[in-house]
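Paired with chain B in one complex and with chain C in the other, chain A is shared by the two complexes that follow.
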Partner chain A sequence: MNLNVTTHTRHAVVRPEGRLTASGAPRLKQAIKKLIDEGSPRIVVDLAQTEFIDSSGLGALIGGLKAARLAEGDLRLAAASESVKSILRLTSLDRVLRDHPTVEAAFGDG
Partner chain B sequence: MTRRLILIRVFAVLAVLTGVNYLTWRWMESLNWDAWWIAVPLVIAETYSLIDTFLFATTMWRAKERSGPESPPTGTVDVFITTYNEPVAMVMATARAAKNIAYPHETFVLDDGDRPEMAAAARAEGLGYITRSADWTDKPRHAKAGNLNNALFETDGEFLLILDADQIPDPLILHRTLGYFADEERVALVQTPQWFINVDEADPLGSQAPLFYGPIQQGKDGWNAAFFCGSNAVLRREALMQLGIVGYVRELEDSTRRTLRAAERLLAREAGRHRAMPELHKELTRLREEVTGARFVVSAGEPIADVTHQLRTQIDAASRRLVKNDMDLMAEDLAAIHAMPVQRDAERDVVVVDEVGLDALTTRELSPLAAVKSVGALVDALRVDRPGEAQPIQPLATISVTEDMATAMQLHSMGWRSAYHHEILARGLAPEDLQTMLKQRLRWAQGTMQVFLRDNPMAKRGLSAGQRLMYFGTMWSYLAGFAAIVYLSAPIIYLMFGVMPVTAWSGDFFARFLPYFLINQLFFLIVSRGIRTWRGQQYSLALFPVWIRACTSSFANVVFKKPLSFVVTRKDGRVGGSLPLREVWPQLTAIALLIIALITGVVRVLMGTADGTGTLVNIVWVAYSLAALSVVIQALRYKGPAAHAEEAEGAS
Partner chain C sequence: MGDGISRVSLTGTAELTFVDQVLDALERLCRAADGISEEDRTFFSLAVSEIATNIVTHSGCEGDAEVTVIADLTVDDAALSARFQDDAAPVAVALEEAELPDELAESGRGLAIAKMALDQLSHEVNNGHIWTLVRKRR
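Moving on to the complex of A and B:
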């Protein structure tokens, strides 16, 4: 898995590319933690290039959500592929996190 | 089907049929209503036992004997050795053996005791060492489940071999078990037996459980319900993490719904109370409408994180306005109420309020500060991170003091499979004294009953009928303590006072009881196939006070929230001190009463004041009970395997 991080004026974007599994989850967690420590707790996880995500990957997203909320920010998902969406449905995590159509739309509501 | 399984099924059917025949007669024709106070409890106890027979027959119906996996072992593995307070040398013996497991893996010592000397020893051998992270400070620790959950987030192996601190693994343990996961993608758990090396042939404490780690687990396996027993098992990480995620979502849905409902009620009440203050009243009413709206959209399926985030923003804004508003009101209040301990600082031209005065203000009904405070608490409760827990995701179940059974049941309910591999691949240490053994049994029983009360398998969604019965069967067996009281009392009452629970011990009785009894014994012999099961049978009766205490304390814990003090089993030998007579007084009392009853019965027959057949039946019954209970005396006198070995040597 490749991890691509970019910061923008109002939010930061984390882009996991490839398979987000147990071996990549700690890196995603670290990247989110680093962004929060640097003062960007408004984070979009762009799943457009994520082919597959396992439960450890989902765990890292929830861990990131917790950390972002504690820092008065938020973590949002964007552009998940069909296969990732089906995993979100299977674990019912779609009851908690919304998959926004695009990265731009993720923090569209403020 | 093997010949053995055919035989098992024939006897399973016969055992249940003869049992139904006997019990029907007992209920319909043999009850002595004149002595209903003992007759009815006895027939209920006997019905309990028949249901137990039925559950045992069902368990054995599909007994599955696996010869080993078909696929070669694959995947990455983490070996977890869990410890809390066991001696460092013992943990390291296990850790070194774990390091020598032939299949490639990483070994971690999970030290819940956070001991520097343990850390040093583990690192010196080049092993991983994990303790709780800072997240756990001041949070519920969830014992062993918490220890494992913490480690799951520090490691990344696809499979996890879990070992208690005393369980020395065989170098081939992974080679023999990993293949099952490749055989079937949905396999989440492979359990192997627990075997104890510090137990001699006599095994006075009944530590070996050859019936459970054998026919019973094989039987449960046939229904895809092999149990997870906490150690000597391999688990699939993905399955555990999925449990964690699904559990998190479920918990969050529940708590959000609860919180929003509570918030509505609270805001409505506060709004009503502050009708006299239009500004505040309006603000609170508006907020209540927001909460109602949020509750609706959550029920309609909107993602919870979105809804709570929006609501939180609104509540934050409202409380900021309220606080500002409140300060203004407070100043007015202060000016109006001279009795309050307020002074005007002339020099700085500000109002000075001392601490006591402020406290008084905040507790006064008319102060809107209370409303602001309540709103603040709601904001906290609406967070998505489970603020009361160290980790939002808890893969291993925490609803019970025995995390293993609860976790396996969750896995099964989500469609995962389990396997029981019947080959000893780890050897451990059993408790060496009666006290420790009693505590361990109590904990297992309590854990099982907690699951029974909190997450009843008969009602749990996702389990098959067979799986429900397998879990229910184990829980049912722990109710045996209540039946035991009746079984012990009935013959004592007859022999001493001549009170009969049945109308007659006649030919009718023998014609129905004897086939039932004999076929049951035969069935048990066939199932156990030469395994020594007498110890287990003895203890299932002899531990009746433990079973009863487990039921009552778990009930008090689940229903009335009374804490169960959690006991970690000691594995480093005996606890010193005198005989633990206090722990077994009910058994000793029962033994004394049985002996007195026996003598009285014989005397009464000799004097011609008692019926010969009835007395004979009851004497046989008492003799069986005494034989079973006598194990307690043997256990009391037991000084551990070391002492036993020395005695044996001295004698030879």
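Moving on to the complex of A and C:
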């Protein structure tokens, strides 16, 4: 898995590319923690290039969501593929990890 | 082959890189087989990832001898199936009790997810562990 991080004025974007599983999940957690520590707790995880996710990847997203909210920010998903969305639905995590059609739409409400 | 069955077998050390190798092999196997639906491929890969990760992370707990894992993946007209065999010290697994934790839990989903994604999941202890995973093709 490759991970790209970009920061903008109102939010930051994290892009995991490839499979988000146990081998890559710790790096995602670290990247999210670093953003929060640096004062960017409004985070979009852009899943457009994420082919697959399992419980390790989901755990990293949940951990990031809790940490972001604790820092008065939020973590939102964008552009998830149908297969990633089907895994979110299977695990009922689509209720807490909401997917948005685009990165721009994720924090479109302000 | 002509019998509608595709198989691949991998042997490796119980490390996370082995999980990636198994998922790569499964992806190639599914691509080569005819007409596997996106949902079957996704959910079976999910179960394989969960069980393989469980094997390599728990076999590390013993701390001493290196553990070897053999993964056999099979796709035929009726089902996608996998068999994992390792030589780790025997540990009981409470498969029946596995269920999804609280939605904000950061871990503890693996076995519950594998059960949900499969039609059959079994675990036996026999000089190590044998896991059998079956998802019938929809």
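Details
Basically, the second predicted complex is superposed on the first by the 110 of 110 C-alpha atoms of A that agree within 3 Å, B and C clash if a C-alpha of one lies under 4 Å from a C-alpha of the other, contacts with A are read in each partner's own complex, and residues count from 1 in each chain.
Everything below uses one rule, namely that a residue touches a chain if its C-beta (ideal position, glycine included) is under 8 Å from a C-beta of that chain, and two chains touch if they have at least 3 such contacts.
Everything numeric here is computed off the predicted structure, so don't read it as measured data.
When the two complexes are overlaid on their common chain A, residue A:Ser92 makes contact with chain B and with chain C alike.
Once the two complexes are laid over each other on the shared chain, residue contacts for A:Leu70 go to chain B alone; chain C is not touched. Of the two partner chains placed around the shared chain by superposition, chain B and chain C are both touched by A:Ser56. Residue contacts after overlaying the shared chain place A:Ala48 against neither chain B nor chain C.
Residue contacts after overlaying the shared chain place A:Glu82 against chain C, while chain B stays out of touching range.
In the superposition on chain A, contact of A:Pro26 is made with chain B only, not with chain C. Residues 22-23, 54-56, 58-59, 62-63, 65-66, 91-93, 95-96 of chain A are contacted both by chain B in one complex and by chain C in the other. Taken together, the chain A residues at the contact with chain C in this complex read 19, 21-23, 52, 54-56, 58-60, 62-63, 65-66, 82-83, 86-87, 90-93, 95-96. Against chain A, the residues of chain C that register as touching in their complex are 16-17, 19-20, 23, 38-39, 41-43, 45-46, 49-50, 53, 57, 100, 103-107, 109-110, 113, 116-117.
Against chain A, the residues of chain B that register as touching in their complex are 153, 156-158, 237-238, 241-242, 244-246, 248-250, 252-253, 301-306, 309-310, 383-385, 392-393.
For chain A in complex with chain B, the touching residues are 22-23, 25-26, 54-56, 58-59, 62-63, 65-66, 69-70, 74, 91-98, 109.
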